Amino acid sequence: MSAEAMPAATSRADLRGRLQDWLPRLVLSPSVAAMLVFVYGFIAYTIYLSFTGSKMLPSYDWVGFDNYRRLFGLSAWTTALVNLGIFASLYILISVAIGLMLAIFLDQKIRAEGGLRAIYLYPMALSFIVTGTAWKWLLDPGIGIENTMHLWGWESFRFDWIKDRDMAIYTLVIAAVWQSSGFVMAMFLAGLRGIDNEILKAAQIDGASNLSLYRRIVIPMLRPAFLSAFVILAHLAIKSYDLVIALTGGGPGRATELPATFMYSYTFTRNQMGVGAASAVIMLMGVASVIVPYIYAEMRQGDDR
Amino acid sequence: MSVATQSTAVRTGRAGRALIVTVLIFFALFYLLPLGVMVINSLKPLPEITGGNMMALPQEPTLEPWRSAWSTAQIGVQATGLKPYFLNSILMVVPAVAISTMLGALNGYVLTKWRFPGHRWVFGLLLFSCFIPFQIVLIPMARLLGLMGLAGSLPGLILVHVVYGIGFSTLYFRNYYAAFPTELVRAAMIDGAGFFRIFWRIMLPVSGPIAVVCIIWQFTNIWNDFLFGVSFAGLDAMPMTVALNNLVQSSTGVREYNVHFAAAILAALPTLIVYIVAGRYFVRGLMAGSVKG
Amino acid sequence: MRVLNRLMMSAAVAVASAGAASAAEVEVLHWWTAGGEAAALNVLKQDLEGQGITWRDMPVAGGGGEAAMTALRARVTAGDAPTAVQVLGFDLLDWTEQGDVLANLDEVATAGNWDAVIPAALQRFSKPGDHWVAAPVNVHSTNWVWANKAVLDELGIAQPTTWDEFIAALQKAKDAGKVALAHGGQPWQEATIFDSAVLASGGPEFYQKSMIDLDPEALGSDQMVAAFDKMEQLRGFVDDNFSGRDWNLASAMVINGEAAFQIMGDWAKGEFLNAGKKPGTDFLCFRVPGTEGTVTFNSDQFMMFRQDDPEATKAQMAMAAAIESPEFQVAFNTVKGSVPARTDVPDTEFDDCGKKGMADLKAASEAGTLLGSMGHGHANPAAVKNAMYDVITAHFNGEYDSRQAAEELVNAVEGAQ
């Protein structure tokens, strides 16, 4: 069915009909206008700023690609990009894996499902401004998990990643996974509940084992849930800022700097707004390259129903 | 669409079940750990924290930190605790969530049932806005708010939250409405129902599940926001997160960790309650809409 | 794009007519947001309220004022600048460069004789051109050592007077199984120690040349290598869990006898007093050995934005006068751990550490050895400071050896300018 043709089919040549034609667009227009100004206008502005010598406040002297040259001369920026790569891929992968596992397990007629679900889900309700100190304590070997294990008699237990420049980025992954894997679980649980049980029963009668049942039938049917989870997690990974500030402050040294913290510090605390804007542009380009294919798929989706 | 409480038909053996339950409990403990640390330490007097094991249970439990965090802790020059900021946050979050959800519903409705040439591009444009890092919008946004006369005011802050909430709310509703039979809308149109009439009478009544998802999502994001609150709220609209940060992050002052933890839990209480109370509807809503094609 | 651009252009200009506060009230942006220091500021509020001036409080904490500076930029860009803003050192100078946006406090300054009683090193910031634009509230100094007296007595350590004695004392504490030096691995804490390391290695002239004048030769000199060597020495006395630790927790380690020494600014005193400890009997405060006679300072100032409304200007002037009144200087600084920004305030209300701090300040100011702290943004601009932080922290964490660090420091400073 061609949806485009729909309003036209019912429109009459009178005023009311014409209004009806325009109404949908009219309703949509404030949102579109807001997006054009507050998102795309600001992006254009940031791109412009990245070519200026702005320091503390925006200024308008054109400096060409200077800021980009400086940006890529900074080792901290390379570290930030590599960190985002490590962080985002591990974070998305582990969150999806844990979320899927918990959803499948929780789907096995567990008696306390309601309570468990609430426990898994609650971290998503809290920002790292709230849980930051608690996480810092837990991860600190002197007072947190390591110390507790020692007190309980497990003397050789080691968990000092947050103090280790090569490992600290992984502690960020742990905390981030803690926050959102429950949310992913809920998405998969919803997907599982939407699968028709008759299909599963039929497959079981055909003698499929549980493992192959999930691998061959259930997981492929969860495709939409995978996509949604990916978008939500990618969006959270890119915007991860509070997490870094609360847990490591970018340290030890600058080992856990991410593009979002880098951009903020150059724009606002180091008074090098031009370099900050350049880093924002690079970051947006990275985001676009990952997200645009998804958006394109999403745009086409559901057209022909 | 089946019922949310319906579990899988897969059968598992006794050993498998024991394994499953063990794993589930292990993860439940993992998820509870940080909150546990916060609750335990919020009940201790300060010397017990600085002098003792931070993971130990309180020796002399006290509610004093909670009282202090809520009503007497020094935040700025006023010793008011978090109490007054709670209202600020409510005044900000309720209109911001209501408006962005409503706009999302209308947008989703237009983009699925009143399509026009280029509707896909419009959707694409809206969707990309979900991914803009908020740090880059601060300065231009401040300038625009200033020009609109909304700087440092509650309406200005609400506007910002609405603008950056539209992307996700539109995504949720659009996917949900896409699954809704267009024939019903068409039939209503033939009966002479107009754009808004169909929205009110046909679309809204079935939107419950996705509205829950959208509201939870927006509520949590807006309530937890710090960056916009600190930059655009001004004096009289300062939200809870900014007050919490003021209490906790003071750089050269003495740190009362027990009060900090109590304050953190207080600041998070509304979102916690929303998640716990609405949790079951949440899965149902996700099931009905956003994760299905 | 072009239109938007023009809108933004006018941003910096719009600041000039920014004053949003209306009659007889002051809007104050600051980061003294919690506990005792916030209560201390309340003294100023009450003083002004006694004069019929309303205080509108805008506290923003985080990162030693970084969040407040971000909020300030948003406010100014929106054309809604507050009356007074707490700022540190070079941020103040950066704002004066933004055109004619700040208030002129000359009248109040003349009436209060600020030119004579406020140290010249502070005036560099509060009076960047010919006019006073900010009122200094306090002076903190960063080259202090805090020590647990009981631990020192128990180990038979006398208060060290030279760098080598200090190292020997640290070694003794370490051998006795204590954490010799309590330290938190955050860039600003390492930079705080670095202030003293530079001083101890080359004295005040070298500090001036390298940290303030940013002379590349001094930055890459052997003396700088020696300063980094001193950092390495100190690094050897820090426990394994130092990274990311808040400075208060490091102070707590000294307070409860887990550690012997901490190098930290005088705000640390509040932690000791709060724990019921007495200066001289429970804990010792002394200048970092090898830096005696010199004071590296940072000063909190209230920078004032120009107001349009004459009533608002009047309230602003009253606020400036109240800040420099001896009563407020005493009331605030006894709580804050810092010393008064004017040198003619009697020291009777202060404890021993405070008295020593005031005497040191006066002597250093007269001798010309009152130097801005690099670690706290009073020696060079934010971009340079942060570039230095990067090198200092990287070196402290073992990424560079001392020679490399000195070379990197030259590059980093050059790159940031």
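The chains carry the letters A, B and C, assigned in the order they are written, with residues numbered from 1 in each.
Definition applied: a contact is a pair of C-beta atoms (placed from the backbone, for glycine too) under 8 Å apart; a residue touches a chain by one contact, two chains touch by 3 or more.
Keep in mind it's a predicted model, so treat the numbers as computed, not measured.
Taking a step as a move to a touching chain, how many steps at least join chain B to chain C?
Graph distance in the chain contact network comes out at 1.
Please work out which of A-C and A-B is bridged by more C-beta pairs in contact, and write that pair.
Answer to which pair has more contacts is A-B.
If you average the CA atoms of chain A and of chain C, how many Å lie between those two points?
38
What's the distance between the Cα centroids of chain A and chain B, rounded to whole Å?
15
For chain A, what residues touch not just one other chain but two or more?
If we look for residues of chain A contacting two or more partner chains, we find 41, 45, 57-58, 268.
Please list all residues of chain C that touch 2 or more other chains.
4, 8, 11, 63, 70, 73, 77
What parts of chain B, by residue number, touch at least two of the other chains?
Residues 138-141, 144, 245, 248.
Spell out the residues on chain A that touch chain C in their complex, using ranges where they run on.
Answer in residue numbers: 41, 44-45, 48, 55-60, 70, 73-74, 76, 136, 140-142, 160, 162-163, 165, 248-249, 251-254, 265, 268-272.
What residues of chain B sit close enough to touch chain C in their complex?
Listed in rising order, the residues of chain B that touch chain C are 50-51, 73-79, 138-147, 151-152, 230-232, 234-235, 238, 242, 245-256.
Considering the complex alone, what residue numbers of chain A touch chain B?
Those in contact with chain B are residues 1, 3-4, 6-7, 10, 16, 20, 23-25, 27-28, 30-32, 34-43, 45-46, 57-58, 98, 101-102, 105-110, 114, 116-127, 129-131, 133-135, 137-138, 143-144, 147-148, 151, 178, 182, 186-187, 189-197, 200-201, 204, 210, 213, 224-225, 228, 231, 234-235, 238-239, 241-242, 260, 263-264, 267-268, 273, 277, 280, 283-284, 287-288, 291-292, 295-296, 298-303, 305.
Please name which positions on chain C make contact with chain B in the complex.
4, 7-8, 11, 14, 20, 27, 30-39, 41-42, 45, 55-65, 67, 70-71, 73-75, 77-80, 246, 248, 252, 255-256, 265, 267, 270-271, 274, 336-337
Considering only the defined contacts, which chain C positions touch chain A in the complex?
Against chain A, the touching part of chain C is residues 1, 4-5, 8-9, 11-12, 63, 66, 69-70, 73, 76-77, 94-95, 98, 185-187, 239-245, 381-383, 386, 390, 393-394, 397, 399, 415-416.
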